[in-house]
Amino acid sequence: MGLLDYKFENSNVFITSVENLLNWARLSSLFQMQFGLACCAIEMMAASASNFDIMRFGVIPRATPRQTDVMIVAGTVTLKMASRIKRLYDQMAEPRYVISMGSCSNCGGPYWEHGYHVLKGVDRVIPVDVYVPGCPPRPEALLEGIMKLQEKVRKESLARKKQIV
Amino acid sequence: MTPQEIHDGLKAKFGDAVVEAKLDAPQPWIRIAPNKMKSLCFFLRDDASFQLDYMMCLSGVDYNDGNLGVVYHLFSMVHKHKIVLKANCPKDNPLVQSVSEVWGTANWHEREAYDMFGIQFDGHPDLRRILCPDDYPGFPLRKDFKVPEFYNGMKVPY
Amino acid sequence: MIESRVLPTDYVTEPGRFRTSTGKTLKTDEMIINMGPQHPSTHGVLRLEIVVDGEIVVDVIPHIGYLHRCFEKHAEHMTNYQQVIPYADRMDYLASMNNDWGYALAVEKLLKLEVPPRVEYIRVIMAELQRIASHLIALGTFGIDMGAFTPFLWCFRDRERILDLFEMTCGARLLYNYIWVGGVSHDLPARFVEKAKDFCKYFKPNIVELNNLLTYNEIFIKRTANVGVLPKDVAINYACSGPMLRGSGVNWDLRRDDPYSMYNKFEWDVQVGKGEMGQVGDVWDRYIVKVREMEQSVRIIEQALAAIPEGNVQQAIPKRIRPDHGEVYVRTESPRGELGFYIVSDGSTSPSRVKARSPAFVNLSVVPEIAHGCMIADLVAIVGSTDIVLGEVDR
Amino acid sequence: MFDIHYSSLTAVQTYFRNIWLALYTALIGMRLTWRHLFTPAVTIQYPDVKLKLPERARNRLYVNIDDCIGCDQCSMACPVDCITIETIKGTPDQDLGTTSTGNKKRLHVPVFDIDIAKCCYCGLCVYPCPTECIVMTDVYEFSEFDRRNLNYHYSAMTPAEIAVAKEKLRKYDEEQAAKKAAAAAAAPKPPAPAATATPPPKPETPPN
Amino acid sequence: MSPAEFLQWLKTPGLNHFLILSALLFSLGIYAILSRRNAIMVLMGIELILNAANINFIAFSRYSTGTLDGQIVAIFVIILAAAEVAIALAIVLNIYQTFNTVNVDEINQLKD
Amino acid sequence: MLTEFGKILIFFILGAVFVAGGLITSWILRPNRPYPEKNRPYECGEEPVGNAWVRFNVRFYVIALIFLIFDVEVVVLFPWALVYRQLGLFAFVEMAVFLLILIVGFAYVWVKGDLDWDKPKPVVPQVNRPMQTIQEPVVKNEPVAT
Amino acid sequence: MDLFSVIFYVFAVITLGAAGIVVFSRNIVHSAFALLFAFFGVAGIYVLLMADFLAITQLMIYVGGILVLLIFGVMLTQRQIAVDIKTGTIQTIPALIIVSALAGTLVGMFWVTVWRTSGIPPVEPTASKIGELLLTTYLLPFEVASVVLLVALIGAAMIARREKKA
Amino acid sequence: MEELGKTILKLIPVIGDQLADISVLVFVIGAAPPLIFILLYALVTLYTEMKVSAHIQDRVAYMYTGYHGILQPVADILKLIQKEDTVPDSADKTLFRLAPYLVFIGTYAGFAVIPFSSAYMGSNINLGVFYLIAASSIVVIGLLMSGWASNNKWSLLGAMRSAAQLVSYEVPTALAVLVAVMITGSLNLNEVSKFQDGGIQNWILFGGPMPITQKLLLLPFTFITFLILFLAGMAEVNRTPFDLPEAESELVQGFNTEYSGMKFAIFYLAEYANMFLVSAVATSLFLGGWSSPFGSFMSGPVWGVFWFVMKGMFFVFVQIWMRWTLPRLRVDQLMYTSWKVMTPFLFVCIFAVGLILVL
């Protein structure tokens, strides 16, 4: 099923315009998984709070992975948590994206050297689309990350979609 | 009550369960035999003149000389006095009596000490790892702990 | 790549019968639900394994450690005492200033170091601002737990003002690395005092607004009063501290009763839960204590701002931190309660053992006790009222 | 009006009082939210409007490599160990120039990497730098699609230059060794140590 | 009846059709009562039967008497059905609490 | 009358058609890449313990039973309300009797506590010994002996 | 064949099919949910029989009340995992025989009998008529019904009430 | 047998003829406006809800899809359409797929008796509101089905809560409707609206078109009834403070936890449609429905639509406004409100209104 999925080798005008429309819809309505891990999550909350208001970009928090499009991994991924993150990612309905927010989820951050219980980068368990550096990144930096992701989504095409893990 | 009085009181009641004391340190401490901990602590909590009803902290320590230690910071909300208790145990047989019945808060602290140092608390109702996953290898805060190469299929070192 | 399915190790599953992770078997009507680690109301990555009978919570088993970041190990591995401070920041990320201060105080005590009065004043101001910021988050998220979303954003809006003050002082919004052993990293910037005064003026009416919107809302009161009652003696036995202990009616505040720094120079009152809407020690009491504490913090800040002396903030910073052999346990009142640092020094430049006694860890450990027989919604309220920060619980 | 204690009321009174209070407090709240509906928003519309950060803002690090003398102080101070510095001793015949603060440069810095993905923006590296060449800027927008791009290489030296410097050092060392050997052969008195050696950096870095 | 007649009959639904429908529904209900062990299933069967009866009442009221009496009776039937279900389910609940099962034959065995 | 109900039937059908149409459109456009992990039930990121299909303790069962009776009552009240203004006082008295009888029942279940959620009293924890009184309020600004 | 008969057959099929699922499904939850369609079908049949008020009453009481209650009952008493989800049947064969005999008899009877039919009365709304009838001709049963409901209410509450543990 | 088959074949064109009958087509067209209305209205309300909530909270919400984010709901729906549709392996797949149909149909069928104007009404059955209440019980079953079929504990809890809630609030809703019906003597919402035509003073909220003394006597009771109807209606559509079934902070997403993509969108749509349904019923019964508040000024079928939608949207707005103000009740308090506050009050109202009307 998914009649249009993987079905086109190369695009023509019609497909491109449909594609543009669909991409537009996807990029402007990124439901975010309500999910914070550590300090970065506070900045993520700050980003959705009044002063920065991430909802301006159409990012709405939803609690269940089934209804979300983007998982913002905000904070330190520990070994105990990694399998849960993987499971949550698995349970997200496609198309799905991952933003890794903050040094910790990028590569372990300050805990990269002695953190016996810290996963050194969330990209060891799930594929990451955008890395937002900072410790914690300012809310604006997260907004910029979202815009980067939107850029990426805009370039997606029906012909070649992101491969699943 | 001054630390000296506490020490004397304990000495009088429990005799050689009081192993050692350093009462002139900035924070005076008394070392207790690890297998007498529970009854002693009950006494400390319930005796009207001690009433150490508030356990501020319980920490495990690796002294790096083959000994592990447990340090109890006690405080009395009634009399406003403090005392530090210590219990030492050898690394190869780390067994200390649990005081989680005496102070409810000790329950989790002891689980943490078990998790980090592998100290066995005798009589603890539910001695499981608390911070690390159940199948985590080793006791991370011991000085001789080696970070495992892989945990559950995930590479641990950078 | 991680194996896709990590087998659950904590469960023994027989067909049709299940056991909780502590080994209790279920009775017929009960069912195990995992609340968290990804759940909107567990404030991070707490996992509560709850056994429910319909809507009634029979048993709660908290599982923590999903954010165990090895603070204590890092502290041992640093090359000097100063480097621990960024990690202490990250422990309780809602109250970094207080964490830094606690750690710095402990090291100063180890070094027997005196800090200049200006530094003390700055620290008090920062810590109290931080307390307000932290309580704002606690109250806001508690509002979300109760289903009211608006107070949360209003609280964040006010908190943003405090963060602006912090950012202009030390350049960071959340994790400051501002309070150092023996001093602070920067002196107050120009116009800080006025801005802080402005903030106090701005903030006071907002507390009233919050009260009108949430605190005295009848639905809210009915949701929180008489729920999750924590009696005084249990609170002490579990070594609860901070608003949790005060909510239970114990008149106890380390700032007053085990004073450090300048706190005994200021006029302020310790807020205690009085059971106005229900029993002493219920969720509403814990909540209102935080609200009133914010007012008191504003009072302290105003006094401190008025009295702040001039001076060099860095003169006492030691060039080389190398305490003697020894150990120290120092406790301070963080927004969540008694934050203790137990530091063992072996005479080298880095600590040989740092144990952080985090208030949230201890406060959380009493939750299973008070949650027996409540409803799922009450459980959310109880967890929300304990105001845990997982970074501090798990360290 | 809020402080009537509940226990002082009869059941019937409480019943009606509850209903009344529920409606009344709800209305108070609604009046409040109604007013807020018309207060201007506090939102800073980020990509269109950008907040001016205070001058102490701690965001991405910047290294003015021209001023760096390769003293390794910053790397020692970093709690995270995310600064990697390699140096090549300059030979006495080279003039590496002076920094803007007037310090004499004696080392080549062929590798000066900051893994900004690990950095925790604590600022501890900034204080000990003798030449104030490592600074925190107010740039915070540098997301990447690929993590490797976050490892910033500040060194300005090209591989060719590095090779040249290394070669020179090797030659110089050989010369020195030869000299030493010659001197040792010639006379029992020890030769004067080479003036190029920098004093080893102090192991700990007191802030400021 | 010839097939053509049968078809004709099929094409013009009238009283008989409704009655037959109700008969079939009734039989299904009876079957549920007879064959299912579960008390709640039995209750469902009873509901089907009552529905079948109601169809009869209303059909007669429509085609035969032409008054609303049948409907009134049906309303009473529905009222009684509701009362019956309330009581029956209360009993089932009670039985369940006592015997921890709602299977009729098991209850039979457990009774003594 | 039949046509009016016919219209309602069409509403039912149109509703179904709309849902089906939406789902079919979505079926054309959406990707579908299920794999076992994706299709495991969600439980906050944990592996669910057991199954949701257990004997669920419906706490408000008694209330639901009561509801059924009141539902019936409401149903018979509707025709009454329709003709109420034509029949006048007579109808009022009759209905008052009907209602009052039921209100008696309502009062009965209220008093008996059947309208409450079946909820046990929360257990207030206790310490394993009587607590000596805490001295309070502590005298202000008096440092504690260390 | 006109629309009336088409709709009749549609509803008949819905009713009987759903009732079939109710009776024969091995999964009691499916049975309970299938009951929804059975009740709905019957309501449709009522409409075809010009009993509009009854049709909606049927929906309201059967679907909104009885069915919900039945589903609660099922959820409360059944552990629907693994084997238990199936509800056992007993005496399938004898029951089938009895039932087919019964069905045959009834159907045959209905088929053969020629009922007295009056002219089909004009279509008109029934609700207010029913209201009048209830308050006049059927007043006594109506009031009795309220007593029945009262008894049912008190009885159900008393039986179902959980014994309050001391 | 042969003949039977032939006849069946013959039947088909007959049915075809019947279906092609112009009246059926008219019916279908007649049923379509509410659907279009629901879609448009959902878009508008989604947008309004977010914007209103944002401004209450001192922020701005959607900005970058069209002018001030006006196209955001369109994008949301387009996105949900292309979202993968996950069905858990352990779910009861048939029921899982069936549930959205029931929920939407139950809601949509309710729109059949809503008089958008004096000239348009899906179906003019004279049982109007009564039917509407009955139809909404299908939603209960749909929710129970979705919760049970998901085989997810949060869903089950959510479904149970919503069933309890809908069931409990059906009694107050019906009783409140009853009060209005007693006054108007009709269940048909169109008739009820007509009854109140002629200006604001004729609205039942203000006592209805009665002699002045009766009116004044009725006024407090109709007012209370209206309040209860509105609040009970809010409870029936799961809005804060009665949003327990999907209480995010407690039950994740409640009964639709496992639903994704289009199915979730349909639940969402049904919820929003229900919001309007409740407002519409309250409006028609107590605020004159499509009738203009200024007597004959600005009245007429077309204005009727305007007034009706305006009044409906006003209450939708009030619902939104309340949602972003109030915290949420607990499930036992919910029951308390329904059984111990609303129901007794309504009994009193029924008696009072009854007495006033006959005296």
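As written, the chain order gives the labels A, B, C, D, E, F, G and H, with residue 1 at the start of each chain.
The criterion applied here is as follows: a contact is a pair of C-beta atoms (placed from the backbone, for glycine too) under 8 Å apart; a residue touches a chain by one contact, two chains touch by 3 or more.
No experiment lies behind these values; they were computed from the predicted model shown.
Most remote chain with respect to chain A, judged by CA-atom centres, is E. Farthest chain from chain G (centres taken as the mean of C-alpha atoms): D. Centre to centre, using the average C-alpha position, chain C and chain E are separated by 63 Å. Taking each chain's centre as the average of its CA atoms, chain B and chain E sit 71 Å apart.
Centroids of chain F and chain H (each the mean of its C-alpha atoms) stand 17 Å apart. Note on chain placement: the centre of chain F and the centre of chain G lie 24 Å apart, centres being C-alpha means.
Shared interface positions of chain E, i.e. residues touching 2 or more other chains, are given as 75, 78-79, 82-83, 85-86, 89-90, 93. In chain D, the residues that touch at least two other chains are 26, 29, 32-33, 41-43, 45, 79-80, 120-121. Contact of a single residue of chain C with at least two other chains is seen at positions 1-2, 4, 6, 28, 31, 33, 37-40, 54-55, 65, 68, 70, 73, 86-87, 90, 150, 153-154, 157, 160, 175, 213-214, 217, 219, 222, 234, 236-237, 250, 252, 257, 366, 369, 375, 378, 394.
Across the complex, chain H is touched by residues 1, 3-8, 10-12, 14-16, 18-20, 22-23, 25-27, 29-34, 36, 38-44, 48, 51-53, 56, 58, 60, 63-64, 66-67, 70-71, 74, 77-78, 81-86, 88-89, 91-92, 95-96, 99, 103, 106, 110, 115-117, 119 of chain F. Those residues of chain B that touch chain C in the shared complex are 25-27, 53-57, 59-62, 64, 71, 73, 77, 80, 84, 103-105, 107-109, 112, 116, 126, 128-135, 140-141, 152-154. Residues 33-39, 41-43, 45-46, 49-51, 63, 65, 75-76, 78, 80-84, 86, 88, 90, 110-111, 113-118, 124-125, 135-136, 138, 165 of chain A touch chain C in their complex. Within the complex, the chain F residues that touch chain C are 37, 43-50, 52, 54-59, 117-127, 131, 134, 136-138, 140-144. Considering their complex, residues 10-21, 23-32, 34-38, 40-41, 43-45, 47-48, 51, 54-55, 58-69, 71-72, 74-76, 78-87, 89-94, 96-97, 101-103, 105 of chain E touch chain G.
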